[in-house]
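Each of the next two complexes has chain A plus one other chain: chain B in the first, chain C in the second.
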Partner chain A sequence: MSANSWLATGNFHTTYKHEQNTFYTSLDRSVFTFFLILLFAWPIFYPLSNKYMLVTDNILIAIVAVMGLNLVTGFAGLISIGHAAFVGIGAYTVASFCRTLGADHVMVTHFWPVLIIFSGLFGAFFGALVGLPALRLKHLYLAIATLSFQMIFQWVINFMSFFNQGQTISVGRAFWLTGEIGRNQHYVFWYYIILTIVVLLGFGVRNLMKTRYGRCLIAVRDNDRAADAMGMNPGLTKVYAFALAGFFAGVAGALHAYLYRGVGFDSFTLKISVSYLAMAIVGGLGTLNGSFWGPVAIKLLDLQVEHLSEVAKQYLPSAMNVATALKPFTFGLVIVLFLMFEPRGIANWWRITKSYTKLWPFRY
Partner chain B sequence: MAQLTISDVTLSFGGLKALSDVNMTIEPGLITSIIGPNGAGKTSMLNCISGFYHPTRGDIFYKDKKLTHASPHEVSNMGIARAFQNLELFSGLSVLDNLLLARHQNLKYGFLEAVVFYGKASRIEAENRAYVEDIIDFMELEPYRKSLVGNLSYGVQKKVEVARAMTLAPDILLLDEPMAGMNQEEKEDIVRFVMDIQKERQITVVLVEHDLGVVMDISDRIYVLDFGELIGSGTPEEVAGNPKVIEAYIGEG
Partner chain C sequence: MTYFFQIIISGVVVGSIYALAALGLVLIYKSSRVANFAHGQIIASGAFIAFFLTVDKGVPIFFSFIISMIVTFFLAMSVERIFLRRLIGEPIISVIMVTIGLASIIDGLIYFTKFGTENYSFPAFLPQEPVSLWGVSISWTQLVGLIITSLLIGGFSWFFKKSTVGISMRAVSDDQFGSMSVGISVPRVFGLAWATAGLSAAAAGCIIGNITGLNFETLHAFGIVVFPVVILGGLDSILGAVIGGIIMGLIQQFAAGYLDGNFGLSGTGDVMPYLVLLIILLFKPHGLFGIHEIERV
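For the complex of A and B:
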């Protein structure tokens, strides 16, 4: 019989079912629940301006995308430099519906949940397609293959008139049970939708990693020769990893399209791909919570740099464009510092903090 | 009825013949050893059986199924498991996770069930955990259950390697030098395990090993390879008396 369900001390797993639990102690579970309630409740008590709500939504979308990237690059060890293109596939799926049916067609405005899932599946399809070279290529060469996909994507969008040659394709306003989502509620509405999706996908990944569908990813990363001997098809597993990443990216892309009420080519360039990769590294590759830390850290850093350059502008001649220079500089610096001093990312700090508080006040 | 039939297998890399016209039959429930000097083609033979190499000529049959051109995961799904000579463990994972990974094909639940992780997937995973625990118990790995494989000593890692192959629930277990680089005590341990695997679990064992003392003691049948050719076979006594084998090992006298 367990001693005290609130403490880790004195509690042992007595069944294998118990060992599967996501939260081991009641304390863990209640802290998480409290945090989740806080996330859902704060916009009611502390409304932000549209600008900051947009930043918040943006972070959440990046979390969805980076969760996918973390599956393929972190867990399965396949470097993908084309992740923004997958996100673009999702966004342009929504855009294609707008182009063919019209931006305010019922399919777009009313059936957006269907469209988001469809975009995810379409992203997964392209993910699998791009993953096919993984059957033959390894490491850096595979990374180059994904890079070429990024280039092909950009080229196609830029030159096809169906996609408005990369210019913005507008997407209609979504409807909820209460009617059309107006300008004032738009960002808050999508905050709730994206947050729900993030929570669902987060638990999905957590569960997946406890099963054969998650373990095979790690097996392929650590030793694909042994994975083969253990009865997994390494080629198929790699394609599957890309498909998974494609799904997350597709969902993120569709959300992006709805949030901005438009799809433009600028949001899916190589630069964005690299920044997704940076978020995954800063957060911590191969960890689930890293997919949350990374986007939050990088996006908030971006915001702070913007503020800083606003202040600096007042004291410097206007010819010096501080913001343009400072943003890439800090971005690069943060990545280099993380690679040098904490390659395991912020997730490692979280791990250390957790084990420290677990033992406190004792050292070990 | 032989469990595994190797008929006229030739494996060549360019001009080099690693194996030439080798015939072997592996009988069920026995310990069959493949011995020979360095570079004789023992590991090549195992690689051919487990699908990492495909014979240039000749065929390999498991019961009636032909596995000459099967890939490693197809071979292991048929029930032929393999432990590697140079450790090929998932070194960043715990012993437990290594063993759970090997259960991959034995777990039958769908992708969506895995995502929801309620009911079927959860139940099967719990059963799976119990199965792995049984193997851990059998191989006496209890103290290392949760430790990272990369941090364990060489001897224990070898044991994990064998345990992982066992977890596949095979009919035939291919062991590639399970005792290489071990001290006397660890060697005796492994020998005991190999014999238990055969006797308690009724698994056919194919053993590639350099330690002739061990091989002569525990094998039911021995095949001797030299420069890719089969130079002798039979019971340990027959092989020990075979002049060709003595010549290959000791040299012309």
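For the complex of A and C:
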């Protein structure tokens, strides 16, 4: 324990118990509390229009999905190019309840927390299933296995009439203690729900990394043969990692279904999978706060590109669709530039600023 | 029975195109251990360059094919030089993601042109009447495509077996440090591998464009479907790419010919390669001709 709980300059752990604390210093705790209050309070003082509230909710859902992807790709080092398919499985779990019971059945409208958890578990099941090749495969082979899962998922959704062949399946409005959530409160209501889930899952990931299993994940990422020799089970660890990622993705998918009040095929294509990967990389692989920065950066970039293409449209021939061209271009450019010049992502900037402010006015 | 042989013929034609498309992927993987997710985009750009030259500039069609192959040769080489050379030694996820990012960039660039959304087809330069052999018909474009593909694959095999550059490329894929010590420039070999991959991609693009017409979606989908092909054949074997390609083409055409319409199924040809892929990955992950890697801590 450091002498001053506000201004610790290094690692002062003397017991394992202390190392397992969520916050090491009072400064950490108060900064976190401050941000938490800020996040919960700003919609009251500064209400956004529905359009921008939808963007905010979208960012939060992407954060849930990317946290899962970061577990499997960042912490466990297994590349998953099929994450949107797992998100899709969560969303289509909700959708299939709506198909069988009806969109406004009590199960869908009142028991949505149960349904969200159920979607997560279903996603975890599929995650473990797709992760099975991980018992034998590594790196590229595994990436291609997840890719093929993505393609098979797309075919199943487009083919089965139960899933409306990829057309939108509508989902009923959710009820809260005060009654039905109307049009105007819809986005704000889901903002609070998703924010709560993000905070809970964020704590979950942070604590997971301090458990036996979390350290196992990192050991397997760094060298799975060595981890094997140390008595861990790399294969099982990887399958669990996929299951966990599937859980996060399933939850994100269910939230997506409720937020849009419908499930359509377009939100779960290969392109979206790639964009989740991009978010994880731009944020910073293998860091928890990277899972927050990445989605914020990419979604805001998307928004800016949309604005830009609206402006550019006036000066260019109308036949050209600027938005469809500009979006993949900037998106690819951002991925490539980050990988070439800042492979550790935005989380690294955060780390640098943090250590700078902590040590100021000294250099080190 | 004619239907059966018809499917075999179209399976072999599709399969040989897969083999040609997969060849580029294998070349790059063999020398530099990079899986190129932008291969479909290179295929598409090769086809579009050829179309642009033929139709908009009036270049004779065979010359435009050759010019487009030369252009993609240098295009792929510069891609390697600019983006991938500084990533040598980086973790595999960075390299894979860079190729995915590249795919996205090329997507964007193609959407800026007229080829992004519309469909085009090459002007017909071969007889329209299909050739009929014992009741099985095969169109001239397919026949010529098949012949050109086999010539190209034969040429590439010769190139790797006999020529000095080919032998140095094989040496690099076998042992980078060893080949450096005998005076092979490893970065140059990487560049050449990308360049030859670009060349074969352009050839594949031109042949696909002649057979199926030019549509960006179908052309870049080839970049994804070659993965089942190379996994089946083994990621680092040229023979594997050829045989894997033909097997995958046959599987796809048989699925499309016999499963679709029965049992209420449709579009099975598109999904079958991926199902086969998952099964191969579970039981024979290094494919038919791939080399088992021995790992040490």
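One rule holds in what follows: the second predicted complex is superposed on the first by the 349 of 364 C-alpha atoms of A that agree within 3 Å, B and C clash if a C-alpha of one lies under 4 Å from a C-alpha of the other, contacts with A are read in each partner's own complex, and residues count from 1 in each chain.
Criterion: a residue touches a chain if its C-beta (ideal position, glycine included) is under 8 Å from a C-beta of that chain, and two chains touch if they have at least 3 such contacts.
Everything numeric in this text was worked out from a predicted model, so none of it was measured.
Of the two partner chains placed by the overlay, chain B and chain C both lie in contact with A:Ala229. When the two structures are aligned on the shared chain, A:Gln20 is found in touch with chain B, with no touch to chain C. When the shared chain is aligned, chain B comes close enough to touch A:Ala219, but chain C does not. Touch criterion not met for A:Trp176: it reaches neither chain B nor chain C.
Chain A has more of its residues touched by C than by the other of chain B and chain C. Of the two partner chains placed around the shared chain by superposition, chain B is the only one that A:Asn207 touches, whereas chain C remains out of contact. Judged by the document's definition of touching, chain A residues 223, 225-226, 229 lie at the interface with chain B and also at the interface with chain C. Contact residues of chain A toward chain B in the complex are 15-17, 19-20, 204, 207-208, 210-216, 218-219, 222-223, 225-234.
On the chain A side of its complex with chain C, the touching residues are 73, 77, 79, 132-133, 136-137, 139-141, 143-145, 147-149, 151-152, 155, 158-159, 223, 225-226, 229, 270, 274, 277-278, 281, 285, 320-321, 324-336, 339-340, 343.
Per the touch definition, chain C reaches chain A in the complex via residues 35, 83, 86-87, 90-94, 96-98, 100-109, 111-112, 116-117, 224, 227-228, 231, 235, 265-267, 270-271, 274-275, 277-278, 281-282, 285, 295-297. The touching residues of chain B, when paired with chain A in their complex, are 50, 52, 71-73, 76-77, 81-82, 84, 88-93, 97, 100-105, 107, 109, 111, 114-117, 121-122, 125-127, 129-130, 133, 164, 168.
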